[in-house]
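Structures given as structure tokens follow.
First subunit A sits with subunit B, and in the next complex the same chain sits with subunit C.
What follows is the complex of A and B.
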């Protein structure tokens, strides 16, 4: 009895606590939501200054970060995006 | 004679200098029906502000604020920017000047250059970059900075190998647009204009003159502007705080104030007005960049006199641990081993201290340009002895030659908001001067009717730009073209070398027509600069401009992923996919218009309200001045002389007479506003005298009041008076005992909780009255007890004069305030003297209190009525502290005078002219266009939960007559906060609709390899 309880607990615990193993060389796919007036301008400047960052970052421009809807974040994760970056 | 001759006045204005002040004037004028010629001697507009990293007291990014304005100036159909240009001569009279302008050779065809920068990469010669204050390097063919406007490159002929030695021509080979022109010559053009505005900006004090401070000798001594470039993310160290000698991170950094200012020996006698605040800002930003930095500011007096400045200094002290040390630095020596710097100073107890720092920043002052004397001669204007343009405190933006106005630091040292205010003020003055010629020289673009594509299936055209080699060197354009062809609804794809070049724009128009396209995507550069250009192109092809989208594969792709050709190409394809996903769902948007009632209501009939009313009435608009008291004049009624000696009462009388006589001005005294409704262009106001007025704009000039002191035996002795009482007694000719002793106490009711702000006027009032007393009776004594004497700008002259004629200044600390007691008919004042380190006991015949200013009691009610916010101290809060100093976030409502913040008379007049200029911009339109990018409200989905109502910064949702939420699209700025908060999704922002954003997210997350995260 006791053992059975323990083993179910053991089986349950990792599925909640332990993150997925990431394969070697794996790079996260990141979606950035950027305010037109500041963070999007910063992305421009990064380009002008030839600052290098990972090509796995893609940017969606919003008129204001206040426009960010939780639906966008959920949809991104649902579709397999690994990280969402909101800047503004 | 013919009785119907047209006005001899010209409807155009020449503005000399394209810094922030000149740009503000240019935009205000061009937006209100005047043609503007902007003359700029550098290859780009922008002036000094573009060099700054951040601005005080909000810490906003300087470039982020000014760059959109520069783009707006550069693209404005009624502004011609003449760069590398200087005025050679000015002839004629107000309304009709002939101005000769010399255009220096650029060696690049502006109409061919796309600004791609391929030439710059190939240019073999590097020279010190003057924009980075000589810390970094630049090429000989260059643009001044990354966001330059115009973005056309220029060749620096002094250093060009071909132009000096006849060999090289590498830029010519690199330029695929054929824009290099080595044969370019100087040209002279003549412009006929109605008014001239001078905004040439400033030079900085050359601190190498003060050799003892070590600039140019010790590597780790830099100027404040060099430090600004060091802090800048686009500067030589990309925003990392490093010292020049070894590029190590400094820990102890010292700022030395007043370098080149407040010093008549080998420097300038005036106070530069901005250094205390910019040094404070630099310490804060440096700490934010690198928390290990320990900043110390060595200063004489902390002049934090502006709105919310004192709070900023308190924050620097308390939250950032900035050390403020009151001391003058006599010498800076380098320790040869370490490159550190040894500073010697006397502390407050008079003890000499040697302290070592890793780096030293010299807070250098502002001064007129080196060629200021010649400049003044060219324009035929007088200067003051320091070569600033000569103006009067009562006409602060007029030069000595009619029709020529001045703005910014050429009028006297000042910060950005004061410069912007003067920019709008000179615009207002020019509008008033040339009102009958408004609209005579401006052009309007005639547009073809739009093709109706509402019911068509999307047919998208995609143009993939090489941008010379900027994109093509990193992104495989052919692959992007091939991938785009596979996307749904894409009907046409091609590549182009430069999408923005004139010939390619014509090509795009033709392709749209030939292929019956109804959506266009350009895959090239950033929408922030190029979207309006391409929108215009497709509009010329008969498409609604909102059927356009820019896929940025340069700033966001090729430039950031150089040397990663495969990844960059994949990303470019993805960016185009996202853009197509959005474009498929684009809809043509209508731009609506609202009419404008060409009248203005001004609340407050003090000098601010009256000044605004006269300017607007002269511009040709009807004005209603609403004053709650029985007579006009406000606080100015208690002012008799300015610091400079002008007779204020005479000026006030003349102003009131002018206002009363003007046929366009209606005065409502003993009257208050009962109710206002409406929005920009269309306000309706009911007054307490039962008048109903319609007007297009509102100026709030409700003024302030003077603090009535309760401290220092006020009211208990008739020998305790305020500065204002004293001024009145002096003006009325009261004879004081010739040997009387006056003690003045500064900061009464200011700079202390709960009024933690500087009232800005009291130091000059004290100095003014002290000089008057000493001049009347040289035998009398005046002792001023002060915390910091804040005679900023050219007012410093009078502080010096007061000291020279024997006025005594004794500093006190807020923790050790003076004590006053009665002693028979006299008063005893006890105060701590920091020089002697002893308590002083002064017998005083008169105690004069410098009482501060307070917002007017009506401010709260007015704020509520118009839903405009106030700062912690109760003064109205402008839309933007730096660039919109007289606007409110709500369009069509403006603020000026003491209602905004404490200020001197000349500053109130300037701000009132600025408010009139800004209001004039709105009132000059017959109708106002409403942007297409706004939130749309679907009433049938709305549950009137009021979520939007609470969060909207612009008050565009309102409760309609049916008790439900309605939306005023005229007020909407399209930020979409309402759309995010709305639980029913009743709000959707045009072109940023949820379905469009979700389609982009889906496109971004689709993966080619089938592996999540691939």
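What follows is the complex of A and C.
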């Protein structure tokens, strides 16, 4: 491949987002969508076993992860959630 | 049904970024079936645009709404008062809907969020295929129900051409040669003799836009 072609392809490539600096002590807000029949039951069991998990994780129970809609994930991000975790 | 695909996001963003109050307006009929422009897709697009605006630091109010059809005024008239409060309507309907809404809305621009493609069949969920080109002069009774206008890459009336290749078209091995399909179908129907007849040059005037017609019975009633 000659250089001219290479540089055009580079120009076409989507720009890569620069990593943001993380402030000290920052914790991400994580939202977990969990299936009632498996992942949520597992979280429940963890509770029964007195296992703790980070308080910056919030769980939303779904009847099935098949119920998860794209808009739920987008709404979460719009409202400031940093990461969405889907388990099912 | 009418099929279409959403335009690239950057193209949509460039249309929207200079406005202050934008409505992403979905159509819940054809384009909802092809997951391009129904109420759900309008909501998703509105959300993505809000996030993009926030990322770029631009203040735009972006909302969404949808009606059952954009191609008949009765469906969007009830929300007309509300949609007239926007600076821009970003329609996710087909081109027909964008045209009709533009004509009815007054001085508010209506922009298309999807590229309207063809009217097609749905052989399997999520798969769309063009079987009829709406040429206005149907010859399906002569071709075993297989349209050479829509399905032959050259729209040949007396095919196949030299590019037919083991049942496929020279344009792409994924396209079946319409005239091979027609031959096989006519053989099954025991009508191969029909294929010996030459189809005369087609009257393409009926395929030229702008086209319109009125239902005669309704016209009589109006009188």
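Here is the rule we use: the second predicted complex is superposed on the first by the 72 of 88 C-alpha atoms of A that agree within 3 Å, B and C clash if a C-alpha of one lies under 4 Å from a C-alpha of the other, contacts with A are read in each partner's own complex, and residues count from 1 in each chain.
Criterion: a residue touches a chain if its C-beta (ideal position, glycine included) is under 8 Å from a C-beta of that chain, and two chains touch if they have at least 3 such contacts.
Note that this is a predicted model, so its numbers are computed, not measured.
Of the two partner chains, subunit B is the only one touched by A:43; subunit C is not.
Here subunit B and subunit C are compared by how many residues of subunit A each touches, and B touches more. Using the contact criterion defined above for the overlaid structures, shared-chain residue A:86 touches neither subunit B nor subunit C, since it reaches no partner. Contacts of A:53 after superposition on the shared chain: subunit B is touched, whereas subunit C is not.
By the touch criterion stated above, A:71 is placed in contact with subunit B and with subunit C alike. In the superposition on chain A, the residues of subunit A touched by subunit B in one structure and by subunit C in the other are 69, 71, 75.
Remark: subunit C residues 40, 43-44, 47-48, 50-51 touch subunit A in the complex.
The residues of subunit A lying in touch with subunit C in their complex are 69-71, 74-75, 77-78. Interface residues of subunit A facing subunit B in the complex, by the touch rule stated above, are 26-29, 31, 36-38, 40-53, 55-56, 58-64, 66-69, 71-72, 75-76, 79-82. Per the touch definition, subunit B reaches subunit A in the complex via residues 61, 63-64, 67-68, 146-147, 233-234, 238, 526-528, 552, 554-557, 559-562, 564, 567-568, 570-571, 574-575, 578, 933, 951, 974-977, 979-980, 989, 992, 994, 997-998, 1000-1002, 1004-1007, 1012-1014.
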